[in-house]
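The next part holds the structures, each set out as structure tokens.
Note that subunit A is present in both complexes that follow, paired respectively with subunit B and with subunit C.
Presenting the complex of A and B:
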């Protein structure tokens, strides 16, 4: 670690917020892509934005790479430390500075936990809409880096659609503000909020964020339909879309995922090849009318069983199985990789067939749980990291799935980001020139390439393969993968 | 002004490479944007038009940037779908112009603005490079999201040639109502009430009292609300909503209105020579409104946008600056289309340096 930087950091950080000893660094060596780890040179834990700005400026001056870290739940290695670099832990910037229910906005620090915003807004009948499964633990800063989504993003969009303004420090130490408290932003001029969201920590660090809150829907109607064929569940989604309904969520689970969820949270799911969850939300009279239409569609879709949640408790139970499905699958296997490809919705069936074929080719198990409404697949590839070459085999299969998504006209990531994990697949989606332009943009903002070096762009030094198994928080049952 | 109208992306690239300065227009419907461009070559995109791919089942449409909004909306309407950001000036504008100037209409209130529905774009930048930004599926988080950056970029960073949007199914029926209030504060309180209620409005605009009637009997603020949904549920919803509004916000009058496109065209009553759009937050309305109380104006999208006419652009510029707001002139003869608080930003400057290093695009 750069000595001069450490000395300068010691000037402002007390010893309990400047971590350098091996045992202190251990919890920061990985994120939720647990197959990889790297030792940071040091970790600092700032408590206010002035400390962050000071730290970034020092890194820039001394050309030391840094990575911002929220809760370290990235599934793509986005918050993996840079060897000998600085990790800037943001969990202590966790204040909700303002809730303005009249204008439906909240102003928060970057280390605020996603769900805490909803909890603070609840007394006013409002909530923060993007709902990653990790929402009880992940931070708004991390959500911004990846434009995170969740099961309920079909109607109101992902993180980017809910951020109105922010203050950031760019990688070279410049501090600037974008957007405003208006839902129309500044109204004119390029949308800088839109550009910063999804930049994976490569542009700098978000210091303060203004988010939009939504009124809690008056009514949810949730239906669970069981099919003896995965393709039929996919067709049902197309039928719903064709009918002109716009549900809040449409999710599918396949047999392996159902089995695992059943074993772990006892959701009471029927024994089926595929389950479809459709949820309508909104004003009661409208939702009730839409629901009649939805029932007719489900009845005509060949479901052998369908259940309607009759109470909030039943609704919660339906979602519990879905939201916990992936850690449940994880319990069936020592290790797993979650993929995040997107395909055009109408090609879901094709994609699933192909994945089945790949499964056989690699003789690995793959469970599927996905955001069917927006074609966002989350195949979960099971492997045993103790077996020689197993991770490599799982990664090769993951790579084929990504290629498949691109070939079908989709994307290699819908919400988890490129990070470290998928950086070599970026060229599958963008031409050399396009990548050059993105790289030039990065260099214009960060000439020394210090912000999250080694992520997103192909090449770069790879951190060591290391640990196996679930994220410690997952093992403890605090979070689950989606 | 001579306008070159390239028919292909290749031709556009050549034009950019061969010109010192380029100013791009759609069809030129927003005249104020095309006033003072210092003798730059003007490029019109109306030849680069047409729908490339529309898949109703995917909720996506890809279209050339010079396509008339009117044509695009008609094609979507045939399938029962629409652009939820509600592009403005549908009769005259191109879709690229709507994105470049960031012009959403009143229905933006329900689901979001241009930024919320743009998924990707093909562009030619100031260096003449043609490339793609963003994606073509409804969800994608690969690479920097330069497609959102283009929203409001006024053609100064790259010229859009193709755009992909997310679209939604449209609702079958509408009902509109007006709630009258004596004071602006009362009308704003009603907006705050709606903001925290579960009533899902399709649009919510606020119309100030007619200028000649200020202080007189008819001098009230009209809050226009629109509900959308199924025919069979609308009467009940309208009734519930009116009852809640009457109980909680004490309007002096509640009036059902004939629903029509012109009722929800925020520019319909604004015929003056110089037309300006300003984004603001509802809580900035009282102070700003005092400064522009003599201008015909309408607040759109729950008090988040104001459309106004002005005779005195200098005075408006000063008023905007004092409120730290920025305005965009759409119509009129002005020195600069952007007025009020300047747009300069270090991140935007860095992007400019990469996409248009020779500062060709003005």
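Presenting the complex of A and C:
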């Protein structure tokens, strides 16, 4: 770690907020993607924006790379420390500065937990719509960096659709304001908020964020439909989409995922090959009318059982199981890779068939949990890291699934981002020119490439994972180094 | 998570399984009192799991990790919050026991700990210590923090004992037979709790056995890693408490959850089966009564606003949530109000307020703040530790709000 930087940090951070000892750094060496780990040079825990600005300026001055970290829940290694770099923990900047029920906005600090915004807005009949599965702990700063989605983004869009403005410190230390507090203000000039949201921490750190709040739906109708075939559940999604209905959420879990989630929350999920969760929400008369239509579709889709949540408690349990499904898979397997890819909704059934074939080819178990409504797949590839070569095999399978997504006209990430995990797959989606433009943009804002260095762009050494031989995508024939 | 744990300790498999199941997702962070207070990974459940893993893998010195493990309340709020089913309690109890055997403590710490271990489980010694404590209070400002915290918890004068007959007969039709586990600290500090529990049970048609030789269940020692002593105390109860009853009733949360851990405590011991059978009989007072169904009480003459304070070792460790609430809702003229952040520990946590007075006090302050927002007539809890903690925090604010055990409130509802 840069000694001059440490000395300068000591000037403003007391010892309990400037972590440098091994025992303090170890717990920060991974986020929620433990396949990667890297010990940071130091961790600072600022408590106000002045400290963040000061810290970023120091890093810029001394060309020391940094990564901002909220609750460390990234599934793509987005908040993985940079070896010898600085980790800036933002979880103590957790104040909700303003809730304005008239304007329907909230102004929050970056370390505010996603769900806390909804809790604070609840007394006014409002809520914050994007609901990543980790919403009970993930922070809004991380949501912005990775343009987080969630089950209900089908109807309301991702984080980028809900951020109106923000004050940021750019990687070179400049402090600036993007967007505004008013919904009407958006749309004038270039969409700089849009540029910042999803930039994976490469541009700087959001200091204060204005988000849009939505009126709470008057009524929810949550339907569970059970199928004896995963493809049929996928077809049911296409049928719902084709009917013109726009549910709040449409989710699918396959047998393995159901088993894990059921063990975790006892939600009473039916014993099935696939489970479709459809949630209608909005004003009561509309929801009731839609519900009749949905019921006819589900009946015609070949579900062998369907049921409706009878109480708010039951609905909560259904969602708790779904939202904890990734982690619940930890009950089935010591290690797994959470994949995140997108396929066009019309090709969902096709993608699932292909994944099944790949499963057999690699003789690995794959649990499928996905935001079916927007074609966002989350295959979880189960492996035992204690076996030699198991991780590499699982990664190769993951690579083939991503190649499949791209080939079907989809994307290598729906909501988890590129981070560390998928940097080498970026060329599978973007041309060299496109990547050059991204890089030029980055250099314009961060000439020293200190903000989250080593993430998103391909190349460089992964800190914990030495890849050998051909890249999985090379083997799959999607990319080539020629 | 992958690990390379190769400890030959008897408990290594439990510890390894817990670590293996952890996927580092962070869902536990939101539930953890120390993370919410201190805001650093080392003081979160997943952070502590990671530290324990590194110690067990011999990549980190145990004494470096110790302060963070010591700061864990053992409240178990992370267990129900964990989607992957990490048995954090198994890991923590095993790890603490393993480390305790090798640990060197500073002399004053060691002395405070020895005092705890040699007095708390034994009501007679505890009474003696409490009398000395009254004297010690005068010296309090000059004492180290751990002693000061310990002394401040002691009342100036212990209440006189309230003896119970060896068998308290059931009133009316007999609906069950139970034995009452007398416990230790609680029996000395608040004999009225077991007295009220026994009489409430009797009023509900339950015959209550109170064997004079029974005592501490050892949990208080188990929770701080003093295993052998904990086992010795448990064994006393195996012989003193009758086996031919419907249930063995506890009125302290920590006893119930500690006895649930007997399987782990007695692993590899000759009397493991005996311990398992004993543990299977033990039930919390409110859970037993709720299952049996309450007879109608007179209740209160006018509306009382009451809140139920969840003890972590009932709510998180034993999953007891609806039972006490169901009992309270059956009392005429009692209006039950929910405490915000009900699952957050009040900071009492067994001997925690002695070991970690600063964090304990802050958690207590927060809890009392949520309670005072409700404009209550009464707070009830199922655990002496929480009761003592809340009373102490309320006393600091000079607030007269009474805090009683749920058994006391029920008994009052019958006695009215």
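The rule we apply is simple: the second predicted complex is superposed on the first by the 462 of 482 C-alpha atoms of A that agree within 3 Å, B and C clash if a C-alpha of one lies under 4 Å from a C-alpha of the other, contacts with A are read in each partner's own complex, and residues count from 1 in each chain.
One rule holds for everything that comes next: a residue touches a chain if its C-beta (ideal position, glycine included) is under 8 Å from a C-beta of that chain, and two chains touch if they have at least 3 such contacts.
Model, not experiment: these values are computed from the prediction.
> Regarding the shared-chain residue A:22, is it in contact with subunit B (first), subunit C (second), both, or neither?
second
> Please indicate which partner A:386 is in contact with in the superposed arrangement: first for subunit B, second for subunit C, both, or neither.
second
> Per the contact definition in the header, classify A:329: touching subunit B only (first), subunit C only (second), both, or neither.
second
> Considering only touches as defined above, state whether A:113 meets subunit B (first), subunit C (second), both or neither.
Touch partner of A:113: subunit C, not subunit B.
> Can A:342 be said to touch subunit B (first), subunit C (second), both, or neither?
first
> Under the stated touch criterion, which partner chain does A:53 make contact with: subunit B (first), subunit C (second), both, or neither?
neither
> With both complexes superposed on chain A, which partner does A:86 reach: first (subunit B), second (subunit C), both or neither?
neither
> Comparing subunit B against subunit C, which has contacts with more of the residues in subunit A?
Between subunit B and subunit C, the winner on subunit A residue contacts is B.
> Mind working out whether A:224 is in touch with subunit B, subunit C, both or neither, as first, second, both or neither?
neither
> Per the definitions at the top, what is the overlap between the subunit A residues touching subunit B and those touching subunit C?
Looking at subunit A, the two contact sets are disjoint.
> Tell me, which parts of subunit A touch subunit B in their complex?
Contacts found on subunit A: 100-105, 124-126, 146-147, 149, 153, 155-158, 160-161, 168, 170, 174, 176, 178, 180-199, 203, 215-218, 238, 241-242, 244-246, 282-283, 285-286, 288-290, 342-346, 371, 374-376, 409-418, 422, 426, 429-431, 433-434, 437-438, 440-442, 444-445, 456.
> Provide the residue numbers of subunit B that touch subunit A in the complex, in ascending order.
Answer in residue numbers: 55-60, 80, 101-102, 104, 108, 111-113, 115-116, 125, 129, 131-133, 135-154, 157, 168-170, 192, 195-200, 229-230, 232-233, 236-237, 240, 277-284, 301-302, 304-305, 326-328, 338, 343, 345-348, 350-351, 353-355.
> Which positions of subunit A touch subunit C when the two form their complex?
These residues of subunit A touch subunit C: 19, 21-24, 26-28, 30-32, 34, 45, 71-73, 89, 91-92, 113, 115, 134, 136-138, 261, 263-265, 324-331, 334-336, 385-386.
> Subunit A touches which residues of subunit C in the complex?
So the residues of subunit C touching subunit A come out as 1-2, 20-27, 29-30, 39-42, 44, 46-47, 50-51, 54, 60, 64-65, 68, 82-86.
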